[in-house]
Structures are given as structure tokens and as C-alpha cells.
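Scrolling down, you'll hit the structures one after another.
There are two complexes below, and they share chain A, which is joined by chain B in the first and by chain C in the second.
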Partner chain A sequence: MSELVMQLRRHTNPAVLTASGCIVALLIAGSFYSANFLSPNYLLQQLQVASFLGIIATGAMIVILLGHIDLSVPWVVTLGGMMATAAAGWWGDLGAALAIPFGVACGALVGLINGIGTAYLRVPSMIFTLGMNAVVQGLVVVHTGGFAPQDRATEAMHDLATERTFFGLPNALLLWAVLSAAMIFLLTRTTLGRKIYAIGNREKAAYLSGINTRAVTLICFVISGAMSALAGVLLAGYATKAYQAMGDAYLLPAIAAVVLGGTNILGGKGTYAGTIVGTILITLLSSILSVMQIEEMGRQIIYGAVIIVMLLTYGRGAKTQG
Partner chain B sequence: MMRAGALAPVSFGSCSAILGARFMQAVSGPVLETIGVSKRFGGVQALSNVDFACRSGRIHALLGENGAGKSTLIKIIAGVVQRDAGRMLLGGEEVVFATPREASAAGIGCIFQELSLMPHLSVADNICITDPPRRWGFIDGRAQRHIAADALARAGAEDINPSAPVSSLPLSRRQMVEIAKSLARDPKLLILDEATSALTAADVTRVFKVLKRLREEGLAIIYISHRMSEIAELADDCSVFRNGQHVATFPAGTKSNTEVVEMMIGREYSHAFPPKPKRDLRGVQPALETRGLSWESALRDVSIAVRPGEILGLGGLDGQGQMEMLLALFGALSGVGGETLVEGRPVTLASPQSAKACGIGIALIPEDRKTDGLMLPMSVRDNLTFAALDSISTAGIVSSRAENAAVADMVKLLGIRMGAADDAVGTLSGGNQQKVVIAKWLLNKPGIILLNDPTRGIDVATKQELYQLLRRLADEGAAIILYSTDYYELIGCCDRVAVFYDGQIVRLLEGDQITERALIASALNISTADQGDVLLGEASL
Partner chain C sequence: MLQADQISKSFGPVKVLDGISIALEPGRVHAVIGENGAGKSTLMRILSGYLEPSGGGLLWEGAPIRFASAFEAERHGVVLIHQEILLADDLSVAQNLFLGREIRRGLMVDDAAMDRRTRDVLAELGTAIPADSEVRRLSLADRQFVQIARALLVPNKVVIFDEPTAVLTPVETEKLFVVIRRLREVGVAVLYVSHRLPEVKAISDTVTVLRDGRHVTTAPTSDLDPIDMARLMVGRDMAKLYPARSAGGGAVVLAAEGISVPGYVEDASFKLRRGEILGFGGLVGAGRTELFEGIVGLRPSRGGLELHGKPVHFTDVRASMKAGITYLSEDRKGKGLLLDEELRENLTLAALDRFARGGVMDVPAEEEALDGAISRFDIRVGRRNLLARQLSGGNQQKLFLAKMMLLEPRIVIIDEPTRGVDIGTKQQIYSFLANLAAQGVAVVVISSEMQELIGLCHRILVMRGGRIAGEVSGDEMTEDEIVFLATGVHEIGVETAVEAARPA
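== the complex of A and B ==
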């Protein structure tokens, strides 16, 4: 009997199926409200918006798979946007050319510090990244307070976030697709991916297998920081300017997307396909709720409730079987 | 520190002395008696049909080698595990303890080696933790301190301040608090399971004085220790356990050490071992050598050498430093002192990663495959190739073809029985899981293989396969260090056995010297050569 269950578990991922089912159900329910919900234009627009969240969720997922969490997302997103726009202001044309990599690098640097704190100083990631979030917030405020840096997005940022250069598909969506492909490859085909899952399942066993668990943890936090900052760059491009607290709305949805996609919140289990589906579901949910004119606070309640329900359903269990 | 609490209504110290004395007069029968108690864990009969009794005013020592059933009996008495069959009488009345709390309420106090104190609470909080005195629903701090002070006085530790946090006390003082905590509950029966192993000699002396006084007060005491000298000093009665059975009970001092060791020997045995080749390895350079290895208090000046083609056993009772020895050699401990040489060259083993890559390669088959060896929810394939990922990948990308080939090879080599390589490794039987742990290291072709009790909890057929495998690996030139809690395995498998006692190697047995008697005697750090020396129970004569 239990063998049968294991077989079923292996071949179907209930969380991905459920989340996909929810997406279809949302679209159908939405189409009764307004036929626009099924129009290609609306769907592409939703995917474009989803790609910002999707990129953040990519970073969040890799850290969650390790059994850690990155709570510095909000202000790393803001930092990414702010630094990219500021670079263009500081260094003129050169700065404009380097704006995107510079913003991403700043996020990666915060990720590096998170990684050092978690892997080497052994501070619980929940505390350390929360602390870093506050530190980054303070630094950003100092940065904008003393003098007025440029906050207008560069041409490249704007194009990346809003244009449709190829086949009428949004550039942001294509970027998310490329990153997703890279992430799937990383998680399924590389030694690093194998190590991430192993550490999430049983760090001690991974360590005793001669794996440099600290280095792997460090790399994952760097990726997470870079992803958040990249999303910040895109968001600044999308809104044409970077502004304070622009990342505040993204922490909870990012974690919700990862958990909705069936990734175990304690680490070690989850597929990237799930995170994609989870991201789309969260974005649609948010869009439909706002079309239905449910206010921000209502959305927050629904997000929170959805995360808790999904945790109760899928997010636990597998790990406790050991 | 003895407060005026002697007259207060909560004065447990004086109460229990009276109670104890009354108890002795009223009941001349045993305080606690078990009749036909049995317990089975999975396929292992841990206790079979045990009749045992202990009396008030006596210290009763339990003897037996690892897995003889002492601890299981204690756990049943203390309500930690439930018996499968048999009866238990406390003061002549049948009792069933579903939880340790019930046992404790009935007057059974237990002190284990692992402390049960909360380090950040005060001594008094800890002593009264299960049932603090209350006043209007709140904990009565003053009454609590009185109770604690009385209990500490009774435990011979008047100098401990009841208001001090436990974390401010050194380890041996904490053990005194632990004893006081048990006494505050006014037990009829006090059980000490290896409770002195963490204490300094001076504290052991104090504990002994207390135990002797408690005996005068009429307490029944069950005492488990692997230190024969302690048993000799304290015990009134001794019971020997072997293979889950109660072999004999006798007044202390009536049997010689040799006789006791004989009684402890004789576990049923049906393992078949491959023949040991006769080889003289004396001139061969050791694959792995340590000089004066030390780590905290667990390893003290350990020097061993193991040569290619040889299986070196680590013997002795549980927890004498063997595990730390293997972890130190694998780079998993920090702050190890002394020198380690691989193929004659000094090496620094800072992490398992460096041990794996060092010279001819070191592998460790850890003690607990479920927590240390495997990622249970991950597939057999992922687990099997995990330690050797570099060998099946290029530029960090795993080659499926190389991986599948490696898995197929190992499955065939070790005869791993499984459904598909995609199955979670947790679905395999214990024996097959252990084969996966071993296979994962063999993929690295290590020259030095360390094994920490690899046959624990696996079936006999798989055990025999493992013995064959170890000998084959040795014949192919691996140097193997095998720690086993099963003496027969050491006798059957090993070319030499280093017996550990208290973090040191007390004896190195070779060839025909490796016998049950020699292993057990060295494990207890006694000599059986002097026939008839009566060591047990000198104190009670």
C-alpha cells in the first residue's frame, strides 16, 4: 500500500496539479465576470507582471530548498532598483550601460553577507536576513536622504521591463523564461543542485559525505540576493523610476508562490515547475482580486490564509517521515 | 545554605527519612519486583522473561555487556517504554506505568547520564519543575527555595545556591542537582544509569557518600556502571544480564571478576565469518597512523596504525571514545590534538571534505545511517552517487550515463535489493540502506575505510554479506577500521583489536588473543589473569 502511494507520489506532484487546477478555475471564474480574462493580451500582461515576482521567487526557492529563508527580499529589491538608477546618475553614459549589472551586483553583495552570516557565523537565517533587511533599508534611506540621486530608470531598464522586442512577447517574460530554464537545469542536472537538495534534506549527512555545505549555502544566498535585485531593476524599469519601499509588497507573495508550488518550507523537496505555477497563480489571484475591487488588506488576508492552508496541505510531512 | 525549612510543612528531607524507616519496618519484601517481563524491539528480543527484585536499604548493581538488556529493564521500570509481557510489583502491588510521570509519582526516581536540567533556569526551578509549590495559583518562590535547599542538603550538596542558574555550575555539580531533583520527589527507588561517568573523582566520592547514606535511610537503589571498581565499592547485590536474560543475582563479593566475566559472555551466535588470511604486515607502511591523538576529554593520547590489507577493530563498551576516534580521523571534529599520518605523510584533516580528498582517500560509514548516512526522502540514485559526484560529472554537470552506470555497478557489486533507482532510499530495508551507505563511499575507491558499528539493526544475511565484503576490500588493499559493539564481530572480522576505555586504548589484542574473555575484561579495564581475586563488593564485606 505504502509502495503504491510512493509510486503515485513520484510520478505526479500533487501541489503542481492543484495549483494548475486553481489557475484554470480562477480563469474560468474570472471569465464569467468579464470575458477579458481569457484574452491573450490580458494573459500576456499578467505573465509580464508575474515575471517580476517569478524572478524573486526563484531566489527565494533556492534558499528555501536549503532549509533556510531569505527575509531581506523587500529592501534588496529596492536596493537593486535604487542602485541601478543611481549608477546612471553618477557615471553618465558608462553608468547607464552598467546600471543593470551594478544593481544586480549590489543585491549579490547583500546575499554574500547573508550567506556568510548564515553559513559561517551560524546565525539562523531567519534572524540574520531580517536584520540585513533593516540594515539595507537604513543604507538606502541614507543614500536618498543626504543628496538627491537620480531615480529615473535608464532606457535599457525600461525596455527590458516593458518592451516586446521578440515575437510580441514581453522582454521581462522572456528573461524569466531564460532564468527558469537555467534554474531547472541547475536543480536537476548539476552537482550544485544535487547538493542543495541534499543539504535541505539532511545537512549532517551531506557534510559527512564530504560536501562543502557552507560554500553551497553561501552560493544560494548570493543567487537569492542577485535575483531580488534583478527584480528590483525590472520593477524600476516598469515604473520608470526607483522609489523607497518598492519591494515591500513582494516578500509574502514570493514565499507564497514557492510554497504553493509544493516546495517544502523546511527544505529538501520541491520542483521549479511548481514555483512557476505558484507565481502565476499568485499573480492571477492578485489581479482578479483587484479587478473585483477587493482592497489591499483583503488581498493580504487571502495571501496569508492561502500560505497557511498550503503549508497544512503539502508543506510538511515529507520531512517528518525520516 | 541549610534553611529553617526543616520545620516547614514542605520539608521533604525529614519526611522521607521517616517514611523510609517506616517502609522498612512494614514491608520486608522487595520494593520493586518484575515477574516474567519481556520486551521486543522489531526483530530483537531485548528482554525475555526477566524476574528481578530489589530491596530497600540495598544498592543493587546491574552488570552486562552492550545490549544485554539492562537499559531496557530500567526504561520499563521508569515508564519510558512499555513491557510486552510480564508483571511489575511496587511494594507488593501490581503497577503499570504509561509515562515516566506516572512512575515518578509512584516513587521511582531516575538519574541518567544525559542530564535533564534546563540550563537557563535556577537550581530551585529545576528541582521543583514537575510540581512547583503554589500560592494563589502562582509559584511560591520562597517555598521552592526551601524545598530545593532541603533536597540539596540531602544530596550532600549544601554548598549549591538554589537561586543560581544551572548554567553557572560545572558539569559535576549539575549532576548533584540532578540527584537532588530526584530526591525532592521523595522516591522509594532510585535508579542511577551511568550517572557518575561525567563526574570528577572528588564528586564521585561525594556521590558515593550520599548513596550510602540514602541506603541507611532505607532507599532501594539500582546502580548501573561500567566501572567495576565503583560497583565493588558500592553494591550489596549484583545481577548479571546477558542477551536479554537475567543470568544470576548474587550478593556482592561472592564472585571473582573472572566468574563475573564468564557470566557476561555467551550471547547466542550464528554468524559465519570469512577466513582471516595469515599475513605478516609488520614491515608494511601504515596507510593511516595517529600519534597521541586527543580531543576534549573523549580521546586521550590515542596512537594506532592500520596497514593496507588489515582490518583493525575498535572494541570496548559504548561511548569510550571509539566514535570520536572515527570522527576525528574523518575530519569531523574541530580542535583535535596530536598527529595523523596518511601513508607516512602528516596531514591536516579539517573537514570530511579534506579527509575524502586526502591522499588515498578516507571514507566513514557513520553510526546512524538514517540521520548521518542518507537523505531518506531522496532517491537511491541520488544517495548512492552523492559522495562521488565529481567522478560522474564534468564542469559541475552530472552525466546521466556515467551516473546510471555507476549505480548499476554498485547495485550489482553489493547485491542491493530495491525497486527502481528512483525510489526514495527510505523505502529500502535497513540492510539495503546500509549497503547504499557503503556503496556511496566505495564509488570513491577509498584507501582507508572507517566503519562505525555498520551492522547494527540489520538482518543476519546482510551482516554476513558485509563481513565478506570487508574482507574482500581488505584483500584488495584497503585499510579498514571497524568499530563494533558486537564482540563476536570483532573476533570474527578483525586482525587486531584496540580496546578503548575512558578515551584511551587500554589493550591491543592480536590474532588468537582476540577472545570474548579478553575483550570483555579489557573493556571493563580489569585483568582476568589473576584468578580468584575478589574485587566485587569489598566495601560491603
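== the complex of A and C ==
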């Protein structure tokens, strides 16, 4: 009997269960407010919006699993959007065709620098990525101020973010689904996934097991940068243009989504399914709050409070057990 | 003074103490001995208020008492001197002594008074540690004395020592005994926990033996010789603990010539042969671990290293692993295993690529390897999906060995192979290492347990202060000889050295 309970406990993450329960509760509570909250159209729309956050949270999670954090998210998102639209302006048709990969590549480049700073120069990731965020912000401001680049999203970006090409499902949602499947495979079935969890669990033990911990860290930061920039590309497509500070509102919700999904903020533990659930929860929460006409600052307070409460509930166990 | 009455303690389903009664009397030194896992530390922690018993209770001068916390025990005068050093490295000796109980004058901290008091206390202990020195700059032994001084600063009636001599040289041990004898003279009840039986014989009045959480016997120390104590602790004959030695001594596989690890090791040279077990002895801090960390590329090192006759220099542990050298750290919980992952993930981590095709894990192959490891290393688990954290120390060590052996190394360096494991597992680990050597693998065993080195190794190199002080083999492999090389002082010399150190 107790054996069975133990088994259940091991395989079902309490945080994922709690977060799923919260989603259901939010929908039910919302449906009292307005029946629209349960309409398929509203739900699909929420999932579409969630996919932007979900893609950012994917990158955030992989870095958090290592025991690091990427605080350069806001301006890498902006950079991704800006560079993709600018590429279309600079290089005409060719630029328009390459806009999306170029935007993503710029984010990956920032991720590469983050990775070098963290893994090879051994600067704490919290400081290094925060610094990079400021550097990228400065570069973007110079770029938009001096060169008057194109900021209108290309056709392809717009389609990717807003169209419903297959089965009436939003393209952004499908993209998120594909990335999610890839990430689950990566984390659960590949050697890289094993190494990520091993490093997050105990970097010294991982290193002494012959794992190239620096290279793995570098790869994770590159993925994180690329994901943020991809989300920026989509956001620019969604809003039809790229604009400054478009990523500012995403850092806290992305971390909140990861933590709500039960990933240990100190690394080593967490399932990607949790991050999906956490993303949906944050998105729904945000939507319902805005329907209830709670201002952005109110939402920020709630995100912050959610992160702190989740850390108090789930985040502290690992290190105190020693 | 303080009595334990039929104390039991369980952690979850595991019963670690079962109806233990002991009585500490003023002016007596009571030793508690037992193997790792016998329940010594649990008993100590209950007596000093760190844990509460699940059954039975404590008596204070005959009346039942309950310590809700260590502070409460301390208020009654019960102090525990921890085995681990729990001091703030960056504070001075005096600041550490008075940490949390500073002497004040008004709102200010009275440094002068604390320094004065610290000097007095340290002088009483017979050490010459400067009161204003940062703890970081002290030797391990000095830190141990600071810790003892700190504990004795509070009014005490019962003092509990937990393996106090683990990091002490014989001279320092003798100094500690002077302190303990003085405590006894002033009527303090002393509980002395150690696995060094000759010490127990020398210092204690009464001995209690624990085995598997049960009380075996309590007897006057004068009635027991160390060998009797060992037999009572183990519950069977000790003779079979070590396997037969193989021939040893094949071709030289690893030759170190003048290896230096800056800050730790100077000019160390040795040769390691195929099929032999080479022991490295010495005191904690002699540089044994650092020497090999330097050799495998975990620390910067200088000097000549030849592997199978070819010069090599490793700057990264992955390079030495690839070359067939496997290093098993003494810190298996911090550097060996991933405590929060399951057995399977732990087992294959070092040889991950062997269990993957194109970067994708082959889980059935891993499961098969786990089957193999469980039976080959006799890892005793009820079910396979346990976390490494949930294994006993012995099973963790076996899992760690199994993991590193998947690399099929030619040279195995194992640091403190039996620390924190029970005697049954010790025996298994010894016979495994002996087999490994018999198959032609070169094995280096770094150990602080002299008996283990003597019983297991073909040759023993002893380090002192970062240098190799000498080699013993064959009949020369005795504790006396190793202690002499490790400390530079003969046993007979210890007495005179202590005499000389004592104030006239």
C-alpha cells in the first residue's frame, strides 16, 4: 500500500498536479464571470498567446535545469524581433526569406556569449546575463536610433504568428507543440538530456564522470537565446511590427511558468510537461486578470508573488536536505 | 548524571537504536564503540538534544528529562563536540569561540575581554594557538582544538566527544587526553566515541559496545583488550576481512617523477605496477588526495608522468579517463553520485556513450547493465527505482564502484574506499579490489585506515607534509612504521615529545 503511494509520488510531480488543478479552477471561476471563457475559440486563442511564452519558457527551463538562469530574455526577445524585420529591410527579398532564421541566429549569438561568460569565464550567470541584457538593449537602441531600420514584420512572420494553416489550429501553437516534442525527447531520451540533469544535480559529480560540463552549459545558453529570439520573431509577426522593449513583459512570466511547473530553481529536477502546464496557467491567469481589468502592474505583482509562493512550497526542499 | 533509559530511535521504517541504556557518571570517561551504522552517532545526538528518541527517555540525576533542542541540553551542561569542523573560516579564533555569546560592554562587543579569555582557555588546553589568528589559517588539528575550546567555554557537566582524534597526530592526541583527564578530575562526565580501540583502552574507564543498534555489552575497560573490543563490535572473527594477496608486481604502468601540486605536494615520485595494490598512507592533509588530483588533471601539476612508458600530462580529467585511469573520489556523495537521481542514471553516467546510439539513450541496455551491476557488486536494494540518496553508505559505494568500472579502467585510484560503510561491505570491497589487481589492473588505495592498507596492499607509500616520506612493504608494514613515517616521530618518541611540550 505505502509502496503504491511511493510509486505514485515518484511519477506524478505534485507541482504539475497543483498547476493543472489551478488551470481547471481558473477556467471554472472564469466561466462564472463570462461563459466565453469555456468557448473553444477563446481557448485556442489563449493557447496561441501561450505559445509565445511557452517558447521563451522552454529556453528558460533548460538553463534553470542546469542550475543557471538567463536574465537576458527581455532584450533578446526584442533583438530577435528587431533583427528579423531589419533583415527584410536591408536585403530585400532575400532578407525577407532569411528574416526568421536571421533573427533566431542573432539570439543564438547572444546565447553563445552568455554561455562563454558563464561556462568558460566562470562569471555567475545571474550577473553575466543581466549585463548582456543591458548590452543588447544598448545595441538595439543604437540600431533603431541611427539607422531607421524597417520594423514591419514580413509576410512569413505574420503568417507564422497569426495564421491557422493546418486543421484550424494556430501555426504558433503547432510550432510550440513541435518544439515541445523535441524538448521532451531531448530531455528524456538523449545523452545531452542526461548530462543536463546531471550537471544540475551536481556539477562536480558530472564533471568527474567525464562529462564536458562547459560544452553542455554553452549549448543550453545557445538554445535559450535562440528560443527567446524565436519568440521575438513571432511576437513581431503577431503585432505586425517590432518595437523597443517588446520583450520586457516576458522575463518574470517565463521564470514563473518554469517554477510553477515544478522545476527546481536550483537545477537538476523538473519535467518539461510541468513547464507546458505552467505556461498555460500563467497565460490564463494573465488573460483573466486583464478581462477583469487589472492593470499591468497588478499582474506583475501577481507573477512575483506566484514565484515566491511556489519557491516557498516546492523550491527549498532539495538544498536543505543536504 | 545523565542516563539513557531503554532508548529507541527509528527513521521511517529503519530502526537504528533498539532499547539502549547507558549511564554517564561524574568523573568517569565512558567510551562507546561500534562499527559504522551501529548507532553511535544517533545515540550521541539524542543525549545532546539534537534528536528526540522514538522510545524510552533520558534521566537527569535520576529524574526524567526531555531535551527539546541542543540549546536546552547545553543549558543543563551537556555539550557535544562535533567531529566535523563547524567554525567560521574568516573569523578569528576568539570571534569563533564567542560566536553567538559575545562578551559585551553596553552595546559594544568587548574584543579585549574575549581575546584575554580565549588565551586563558587555549592555554588550559595546552595549545599555543594565537587568539587573533583567522581560523582559515589553522591546521585541521588546531581547528579541532578551537572547537573543543568553544564547547568547553559553556559551563559543562557532561561532555561528549565524537571521534575527536580523527584528524590529530599522536602528539596532539596525547594533548587531548590531557584535557580529557583534567575534565575527569573536576568531576565532568565524559562520553568518548571512537573506533580507535587502543585510544579507547588508554583513556576510558568504561566501555559500551553497540552493534546494529543494539546494546552488546558494558564493561570496565580494564577487562577488555582492543582485540576483544573488535570482536564484540563485529560479532565475528576479524581474520577473514582481507583477501589473499595476489602476486602483484608486473610491468610499470604509471611512473611519476618529481610531481608537484602547487600548495599541496612537493616532488613526489613513485612507480605503479600492473596487478599490484599500492597504498598511500599519511595523515589528513598530507597531500595524498591532492597528489592524485594533480595526476589525473583535477588540479594543476608539474613534473614528469609516464603512462605505459610514454610521457603524458593531463590537464583535464576527461583526458586521463580516456587514457584508462579512473579516479574515485573520497567524497562519493558530493563528487561521485547524483544523490537525487535513480540507480540507472547514476550507473551509466560515466560511460554514457556506450549506452547511446547517435546521442539517443538505449534504456534496455542500461537496465541490463544495472542487472549486471546489482548482481556483480551485490547492491542490496528492495526495488530498482530508488534514488541514490536512499541507499546506505555501503550500497552507495558499491554503486559508485560499479559506475566507474563500466569504464573498464587499466588504472584505478580509489580514495578512502571504505569510509562510512559497514564491515560486511568492507570485506566485499576489499575482495573486489584484490580481484581487480589479480586481473592485471593497477590499483592505488588512498586510506587513513592503516589496518586497511596493511591488510590489502602490496606496498604502502606514506606521505607527510606534501612529500613522500617513505615506503614500506612486506614485514615492515606495521602501524608503528606507518605512524613513524606519517608523523616523523616514533611511538616511543611520542611520550618524550609530549613530556617536552608540557609546561614544567
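Everything that follows uses one rule, which is that the second predicted complex is superposed on the first by the 311 of 322 C-alpha atoms of A that agree within 3 Å, B and C clash if a C-alpha of one lies under 4 Å from a C-alpha of the other, contacts with A are read in each partner's own complex, and residues count from 1 in each chain.
Quick note on the criterion: a residue touches a chain if its C-beta (ideal position, glycine included) is under 8 Å from a C-beta of that chain, and two chains touch if they have at least 3 such contacts.
Small disclaimer: the values here were computed from a predicted structure and weren't measured.
Enquirer: Quick one: chain B and chain C on chain A, clash or fit?
Expert: Here chain B and chain C cannot both sit on chain A without a clash.
Enquirer: Considering only the touch criterion stated at the top, classify A:Ser209 as touching first (chain B), second (chain C), both, or neither.
Expert: A:Ser209 contacts both chain B and chain C.
Enquirer: Regarding the shared-chain residue A:Leu192, is it in contact with chain B (first), chain C (second), both, or neither?
Expert: both
Enquirer: Would you sort A:Lys269 into first (chain B), second (chain C), both or neither based on which partner it touches?
Expert: both
Enquirer: With the touch criterion stated at the top, can you tell me which chain A residues are shared between the chain B interface and the chain C interface?
Expert: Looking at chain A, the two contact sets intersect at 10, 189-192, 194-195, 197-198, 201-202, 204-212, 268-269, 318, 321.
Enquirer: Could you list, by residue number, the parts of chain A that touch chain C in their complex?
Expert: Answer in residue numbers: 10, 189-195, 197-198, 201-202, 204-212, 268-269, 318, 321.
Enquirer: Inside the complex, what are the residues of chain B that reach chain A?
Expert: So the residues of chain B in touch with chain A come to 330, 332, 351-353, 355-357, 364, 366, 370-378, 382, 386-387, 389-390, 393, 396-398, 419, 422-424, 426-427, 440.
Enquirer: Which stretch or stretches of chain A touch chain B in the complex?
Expert: 2-3, 6, 10, 189-192, 194-195, 197-198, 201-202, 204-212, 268-269, 318-319, 321-322
Enquirer: Touching residues of chain C toward chain A in the complex: what are they?
Expert: For chain C paired with chain A, touching residues are 298, 317-318, 321-322, 327, 329, 334-341, 345, 349-350, 352-353, 356, 359-361, 385, 389, 403, 407.
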